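Can you keep this structure in mind? I'll have questions shortly.
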Amino acid sequence: MIGPVLKVTDLRKAYGAIQAVGGVSFEVMPGEIFGVIGPNGSGKTTMFNSVLGQITPDAGKIELNGHDITHKSPQQLNQLGVGRTFQTLQVFGKMTVRDNLLVAAQEHQGSMWSRLFAPGDSGLGDRADALIDQFRIRHVAHKKAGELSYGQQKLVDIAMAFMSEPDLVLLDEPCAGVNPSLVGGISSLLKQLNQTRASGKKASSFVVIEHNMDFVMDLCHRILVMVEGQVLAVGTPDEIRGNKAVLDAYLGN
Amino acid sequence: MTDFLQLVFSGFATGSIYALAALGFTLLWQASGTINFAQGEFVMLPAFVMLAFGAAGLPLPLAFIASCGVAVLVLGWAFKRGIADPLLKHGLMPIVVATIGLAIAARNGIRAGYSAEAHPFPGLFADQLFNVFGVTVTLADVGTLVLALLLVLGTQAFLNKTVTGRAMQAVAQNTESATVLGINVPRMIFYTFAINALLACAAALLVTPTYLAKFDMGEGLGNKAFFAAIIGGFNNSRGALLGGIIVGVCENLAAAYISPAYKDAVALVIFMAVILFKPQGLLGKKVERKV
Amino acid sequence: MKRLPLISGLAIAAILLAAPPFLKNYGIYLFSYWMVFVIATMGLNLTVGYAGQKSLGHAAFFGIGAYSVAILMQAGHSFWLGLALAVIACFVIGLALGFPALRVQTIYLAFATLGFNTAIWLVMRNEEWLTGGTFGINNIGRPSLFGLSLDGNLAYYYFVLGMTVVMGLLQWKLLSSPWGKAFTALRDNPIRAESLGIHIQGYTLLSFAIGAAYAGVAGALFASLVQFIEPAPFAVHASIMMYLMVVVGGPGYFFGPLLGSAVGVLLPEWLRFAQAWYLFVFGAAVILLMLWLPDGLLSIPARLAAKRQAREASAARAAAAAKLGN
């Protein structure tokens, strides 16, 4: 019996009088690409940041592979196998693209002390190069990340989340501000990354917040719809597309 | 007991002067993110300017007004346009180092160009003593305290009650929104620099009679202003007054009851305690880190 | 153009190695003083330039290092024991100073380190039984290395130069290791760094501790250089000067401390022709330097490259526009 990778139970977070997240529960199974959609202000990002340890929830439980991670810090979560991208670009502008990728996973190699004596790339050079090729940013790999175009930086941002080969990756609006021609590329990259894993490791799961409906419907196995801090519906893309309540609240008539 | 009260009272007076320097310092930080390591020199320079005007024949009140004008022009406008504006977009480090350079230049410019000695400065108040509830206080202490308080409270009233003042506060809290609201942000920031210059000029008028005008009078004063601003609360202008008074009073008490050598240590200890336990200051608001 | 760094590097190395025997005592002393500050600012560059922290209390560690050597040598122990104590004491105290850094941000941290410096300086000034108070400690001897006496000014200079090279190599090694990238990540984007598993708190503390240890080494060498220690050189104004040296040289550039210390130590000497005005000129020079090069002297190549790129892009646009016009 394989349990869920991520289990969120009755998550709550209020900001003053505003209940940003008012009792959200869901499960993400191993290997699943799980979409989260909803109008602005529906609490998606607050829910995300609570799962990722950036915000402390008022109530509720978050479990990763059965372990309680409700109050863990972002750094601890990463060590436990959770990766994330940010809504606003967060690359290390002054480092080269390749260094960005190396630093994204180096803390998983050995201990603090052993890293002092490790080679500069911590043995991750091959993995970084493989991701660079997969994301097709070989031609800019030696440049400082801050000098790239927005779309290229977005790709670096996403690649960084995958360097440490996490079991669970949370992507916060990976298509935001990206040229429509690149959206398809990101979608196929994510599908590739979802399916290919080093042998012996179980499949990785993604949770994706996005506003781009075509992207979400095409990519995700299941979708959660949030409205005003609550779960409105959970289901496959077809089920969501046909759900009357969702259509009324969000997708428009 | 009367000694104690005397020390406290004169501490209030000195502290209110620190509050003037601390207030300007805090306002500069809030409105523009400028850390002015030359704040002490901003008090020292008007002192010498007033002396120069005095030597040219102007009576003290006129010399003060003339110095205020010079201060607003040089320490307000020129400082903003010449140093703050170009450097602020590069982060905190360049402006810190530039104001350090400014402090060195100001100190040594006066030393080389005017004099390395301490000069007497005309006092505002006559040498009179009062006896209040058995405590002896000087007219100077009372006058200083009253004037400084008037200035600090007046500045706060200006910030809170006038349209311009509220616009300045808006700029301090959220520059982008202020622009969108149609507020002339650069001008509001200039007003902040101008107010800082004026407060420093006033501080010079009040403190120099006691400390004497010397090229290095700004060093200690600058330090006290920093401590006062932080202790009171760096993101709250009322904090400057509280911080200044605390520093002034504690200094006096420490010098008398502990030892003159550790006089500076008391303000320091309070400062360290505040930094560790309530870094936003006694009256400051907690600053959240945004993702 | 690409060979300029190599040529200037060789020129500086040549000056450092070959010039001192031709200098008078004061010149040799100045070079030694310069090297001591290079080591101290290398440490500060790590904390401030590479790890992005704020530290305006570095001179306190400089002083702790100096007094460690002075006190131990006065008690009859060897310089080397003093040096060891300097490094360990500064590392441990530096770790302790890092703790406020975990709780307070930027500008408050700067003030906390200022306060720390003042506190240490007050102890140095007032605890006569330990430090000699304002009278200080004098007659500090110089070490001997493998039986070779380093008493002579020239010999001691080469020793200090050697130590500078050693400390530089150690820092190079540190920065090339994964720790180097972790520090830079901490500086450029601590939130992202945290989400990548980088232990923000640990690296913050380490950046303070290692930086402090470097200042401790510098202080130890300083003690035997000037052979008389008193609290004045370790007060806040010295910390501010060191900070100035790091920023002027270029924070986060490996050779920033070399240039920055030259500006801080040697420039005032060259300005002596201005006599009474030399410090005024120095202060003004610092302001102008910051206005022209806010990222420090070593940002010149990057700025020139950016200007060249902008020119080339303009030219390309003009050429493309001309083609369209036809």
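General observations
Just so it is clear, A, B and C label the chains in written order, and each chain counts residues from 1 on its own.
Following the convention adopted for this analysis, contacts are C-beta pairs under 8 Å (C-beta built on N, C-alpha and C of every residue); 3 or more make two chains touch, one makes a residue touch a chain.
Small disclaimer: the values here were computed from a predicted structure and weren't measured.
Simply put, of A-C and B-C, more C-beta pairs touch at B-C.
Ranked by distance of CA centroids from chain B, the top chain is A.
Spacing of chain A relative to chain B, judged by their CA centroids, is 49 angstrom. Computed from the mean C-alpha positions, the centre of chain A lies at a distance of 41 Å from the centre of chain C. Centroid to centroid, with C-alpha atoms defining each point, chain B and chain C lie 31 Å apart.
Each of residues 54, 86 in chain A touches at least two other chains. Each of residues 291 in chain B touches at least two other chains. Shared interface positions of chain C, i.e. residues touching 2 or more other chains, are given as 191.
Here chain C touches chain B in the complex through residues 48, 54, 100, 103-108, 110-112, 114-116, 118-119, 122, 125-126, 191, 236-237, 240, 243-244, 247-248, 251, 276-280, 282-287, 289-291, 294-295, going by the rule given at the top.
Across the complex, chain A meets chain C through its residues 52, 54, 73-75, 77-79, 83-84, 86, 90-95, 99, 102-109, 112, 115-120, 122, 160, 164.
Residue ranges on chain B touching chain C, taken from their complex, read 29, 35, 37, 82-83, 86-87, 90, 92-98, 100-109, 111-113, 219, 223, 226-227, 230, 234, 261-262, 264-265, 268, 271-272, 275-276, 279-280, 287, 289, 291. Listing the residues of chain C that touch chain A in their complex gives 174, 176-182, 184-185, 188-189, 191-200, 202, 252.
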